[in-house]
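Across the two complexes that follow, chain A remains constant while its partner is chain B and subsequently chain C.
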Partner chain A sequence: MAINAVGRDIPDSIPGYGDVKHFKGHDRRPPEGNRFGKRNRTAFNSRTDKTLPDIKAAISASGLKSGMTISFHHHLRNGDFVVNAVLDACAEMGIRDLVIFPTALFGVHKHLTRHIQSGVIRQIMGSVNGPIGQLASEGGMSVPVILRSHGGRPRAVTSGEVVIDVAFIAAPTSDKYGNLSGAVGKSACGSLGYAHSDAEYAQCVIAITDNLVPYPAPCIHIPQFFVDFVVVVNSIGDPAGIVSGTTRVTRDPMRLLIADNAAKLIEATPYFKNGISFQTGAGGISLAVAAYVREAMRERGIKGSFGLGGITEFFVDMMKEGLFERLLDVQSFDLAAVRSIGENPNHVEISADWYANPWNAGCAVNMLDTVVLGATEVDRDFNVNVNTEADGALLHGIGGHQDTAAGAQLTIITTPLLRGRIPCAVDSVYTVTTPGEVVDAIVTEFGVAINPRRQDLIDAAKEAGNVPLVTMDELIDKAHGFTGSMSPVETEERIIGVIEYRDGTVIDVVKQLKKK
Partner chain B sequence: MKTAQAGTLESMDCIVSVTESDKGRGISIVMEGASVARFGEAMVKATKDTLKSLGVRDISVSIQDNGAGDLVLKARVEAAVRRLAGGKAA
Partner chain C sequence: MRLRRTKLYLPGNNPNMLLRGHLFNPDGVILDLEDAVAVSEKDAARILVRDVLRKGDFGNCEVTVRINAMDTDLWRSDIETVVPCGIDGIRIPKVENPKDIAIMDEALSHIESKAKMRVGKTLIFCLLETALGIWNAYDIAKASRRVAAICPGGEDLRADLKTTRSENSEELIGPRRIVVLAAHAAGVDALDTVYADITDDAGLRRETEWVKQLGFQGKSVIHPNQIPIIHDVFTPTDREIEQAKKIVEAAVEAAARGLGAVQVDGKMVDKPVVKRAEYTLQRAGLSAGGEK
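Coming up: the complex of A and B.
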């Protein structure tokens, strides 16, 4: 056992995970070794068609066997048909004990429950949202879930810590030789950013498409020389679940107040100047912050350099208006973003490696001035939890939270002080996702708490005079005054989830919930 | 069996339903909602304190919670009990 840098007591070895590298601080683990290399292969011009008749034929051709690791990307989000179809095929072919390595799972993947219970799936490395997270939290998986950030995952792949045997890449468009595009096709999803490292490093790559076009495909995101086989199916996903419609800026006055406080803080800092770069999520508060910042940029005649991350129509419009020069897009959230990435050369697809991997020669988050993120809980040390709910269930992934927080000059967490009776500012978060040392400010409807490590920001906010400053202690006391004391979460000793920091050290673990 | 109810499912409110019980059966409380996992003990205490102050010894209480604080919960319990006693679901 060892107490790590965020005060968590973590065993030196975890059954089903192996030896633990303890978290020692956000920049304390130096990179090791070389980039992983996959085996060489050749395809002479005697074979110019990589298509196979169905998923099972591709699985056979790939050499996939029980116990291996298979990967997926989540650009089709809650509309995805591919993960379920591949696991159904594996089950029918008698393949078992698989480690699945998705970039994320969604509600639609509840279907996998049967494959977990029957032993087709042994382990999940990736976020477990909703029903599968609940199942894992209650002890329904024999091996812990391993969570990695959007940068931590490509780090694990490119360093060879995780070797992908077969990558299944849902492709909205492909030609017969495996040039893949996310920008066109009836199931278009825009950027294929999360799939790039899988394409590059997996021992075998199978593309699954519902739009086979003549060679060469247009707007190629993943090139042919990574792709071994192509399978054509009727549909890879439901467009209604792949892209959202226009996400509206919230109209909830409390959330608008939080967003206004965050925007005032941004405007008060030296980062608010020509060339500012910016990332927000697609949630209601985040988008409202973007709306206020856009207003301020117009008023003060400020032009930004780039918008990063999951890209929405809001950012597309800001670029069209000249408020950003470019968009760096790892995931396109809505129809407008999907259209833009196919048409506008200033809307650039980036891989997760490029976006956030801490073990390369420099990822995009390092160039970020300001990021606005959410939280389920924050604590006295500014640690943030985005993984577990108040009842202790592991229901959310890390996303780019750790990466952007570590990379950006100004990391802002927006959260209401309470959700119902549940306090969002507490003494100590139940699970540490992102360490407080990379978090600069917590913004609530009751005021803005700036991390005491950032005296420069405190001074800037005071000078601006319109940022309602409070201390973290005041926020926690206020929340406690409303809610009273919480009873502890009752757990078993068994670890069901391992939260890796982006450098591959273990920052926290999640324990199995006690049966009620 | 007489029943009465008070409250709403608005955020930070709850619906409290009370049903009369035979003498000597005591107090039974059933709760559901997102805060129960972490505030269950506090909710039971608030409910029992309110029932005690109203002199109620035998009753069955069902709480559908949507994040009510103790003050709101106590008020809803009291209102439900008074409606039960008044014989009308006013």
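Coming up: the complex of A and C.
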């Protein structure tokens, strides 16, 4: 056992996970060894067509066996048909004990519950949302779920910590030789950023498409030399769940208030100047912050350099308006972003490795000035939880939270002080996802708490005069005053989830919930 | 002068709004025990509102509670519960005659003295939601020194006038004018009713500009997003403030030198203009002397 740098008591070894590298603080684990090398292979020019009749044929051809690791990307989000279809095929073929390694799972993957219960899936390395998270939290999986950030995942792949036996890549467009595009096709999803490392490092790569086009495919995101087999199916997903239509800025007054406070803070800092780079999510508060920042950029004549991360119509419009030079897009959230990435050379697809891997010669988050992120809980040390809810259940992935927080010059966490009767500012978060040392400010409707490590930001906000500054202690006391103390979550000793920091150390664990 | 540009209604049965309403920086909040609360929830809402009031965190807002009407058997429990919490005032719905105000004045005095509070501390805001209430506006406004403002009703008033809502609320032109006249004659504020379409920002701005021109000092608000628009309309522009400062300073200087006539930029300025300039500075949150 060891107490790690965020005060968590973590065993040296966890059953089903193995030996633990303890979290010693941000940037405290230097890279080791060389990048992973996959097996050499060839496709002689006698084989110019990689298509196979169906998923089962491709699984057979790949050599996939029980106990192996298979990977998926989440660009089709809640519209994805591919993960469920592949696991159904594996089940029918009698393949069991699989480790699935998705970049994220969504509600639509609730279907996998049956494959977990029947033993087709032994372990999940990736986010577990909704019903699967609940199942895992109640002890329904024999091996802990391993959660990694969007940068930690490609680090694990490129370093060889995780070896992908077969990568299944849902491709909105492919040609028969495996050139893949996300930008065109009836199931277009834009960027295929999260699939790149899998394509490059998996021992075998199977593309699954519903839009086979003549060679060579247009707007190629993943090139043929990574792809072993191509399967054509009727549909890889439901477009309604893949991308949203128009993204509207919220009219919810509380979200607008939080966003306004965040925007005031951004404007008060020295980062708000020509060349600013910016990332927000697509959620209500994040988008509203972007809207306020856009207004301020217009008013003060500020031109930004790039928008990063998950790209929405809002960022596309900002680039068109000249408020950003370029967009670096690891994931396209809506139809406008999908169209833009296919048409505009300044809208650049980037891989997750490029986006956020801490173990390369420099990832995009390192160039980020400002990021606005969410939280389920924050605490006195500015630690942030995005993984578990107040009842202790593992319900959300890490996403790019740790990476952008670590990379950006100004990391802002926006959260309401209370959700219903549950306080979001607490003495100590239930699960540490992102350490407080890389978090600069917590923005709530009741005011903005700046990390005392950042006296420069406190001074800048005071000078601006319009940022409603409070201390973290004041926020926590206020929340406590409203709600009183929460009853502690009751758990068993067994660990059901391991939260890795982006460098592969264990920052926290999640324990099995006690039966009620 | 207390600014009353916006008074935000907060449903008395909604803890989220009760705790957060002041964060949107209205000039005042109205914790509502009347229309927002179903009959079956009246007791629970009263207890909730009392507890929120005891926490007492409303920033700089003027805190009022809309009690249940005086023709119900709820209003006495309402004031007995909320007045000892030290609120700034109560808002009485459906006021029709000055007698009601006299009864309320006495009841409030009794509660205040029992709670060892300054008698007369709790102000009264009168909602005139019937034709009779509008007709008696002046007498109601003069019925007690506690009366701080009178406010015309909206839907209730339309119903009593046997009419319906029109696009520009023409049916309320007369009542609004009467309220303004009565309020200023009695020396209290005229505060307008709510603008119901919370998504129509342009319509809200139009109506606010109009009621400001009529002589109202502010409006009730049912959604936080309406607040900045109303404040924008009721807050003097920088140019208006600068001009007003010049006039008031000239008037102060003239008075100091014992001169009756005031000159600004070479022009004579009448007393009403000075008075209006002082009012402009008050609305801008600046005192008559132009200092913060």
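Please note the rule applied: the second predicted complex is superposed on the first by the 516 of 516 C-alpha atoms of A that agree within 3 Å, B and C clash if a C-alpha of one lies under 4 Å from a C-alpha of the other, contacts with A are read in each partner's own complex, and residues count from 1 in each chain.
Note that in this section a contact is a pair of C-beta atoms (placed from the backbone, for glycine too) under 8 Å apart; a residue touches a chain by one contact, two chains touch by 3 or more.
Just so it is clear, the structure is predicted and the values come from calculations on it, not from any experiment.
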Partner chain(s) touched by A:253 [first = chain B, second = chain C, both, neither]: second
Touched partner set for A:446, first chain B, second chain C, both or neither: second
Touched partner set for A:93, first chain B, second chain C, both or neither: neither
A:483 touches, of chain B and chain C: first, second, both or neither? first
Touching both chain C and chain B, counted on chain A across the two superposed complexes: 418, 420-421, 482
Touch list for chain A against partner chain C, complex: 251, 253-254, 256-257, 418, 420-421, 445-446, 481-482
Touching residues (chain side chain B, partner chain A) in the complex: 11-12, 34-35, 37-42, 65-70
Residue ranges of chain A in contact with chain B within the complex: 390-392, 418-422, 482-487, 489
Residues of chain C that touch chain A when the two form their complex: 15-16, 19-20, 23-24, 55, 199, 223-225
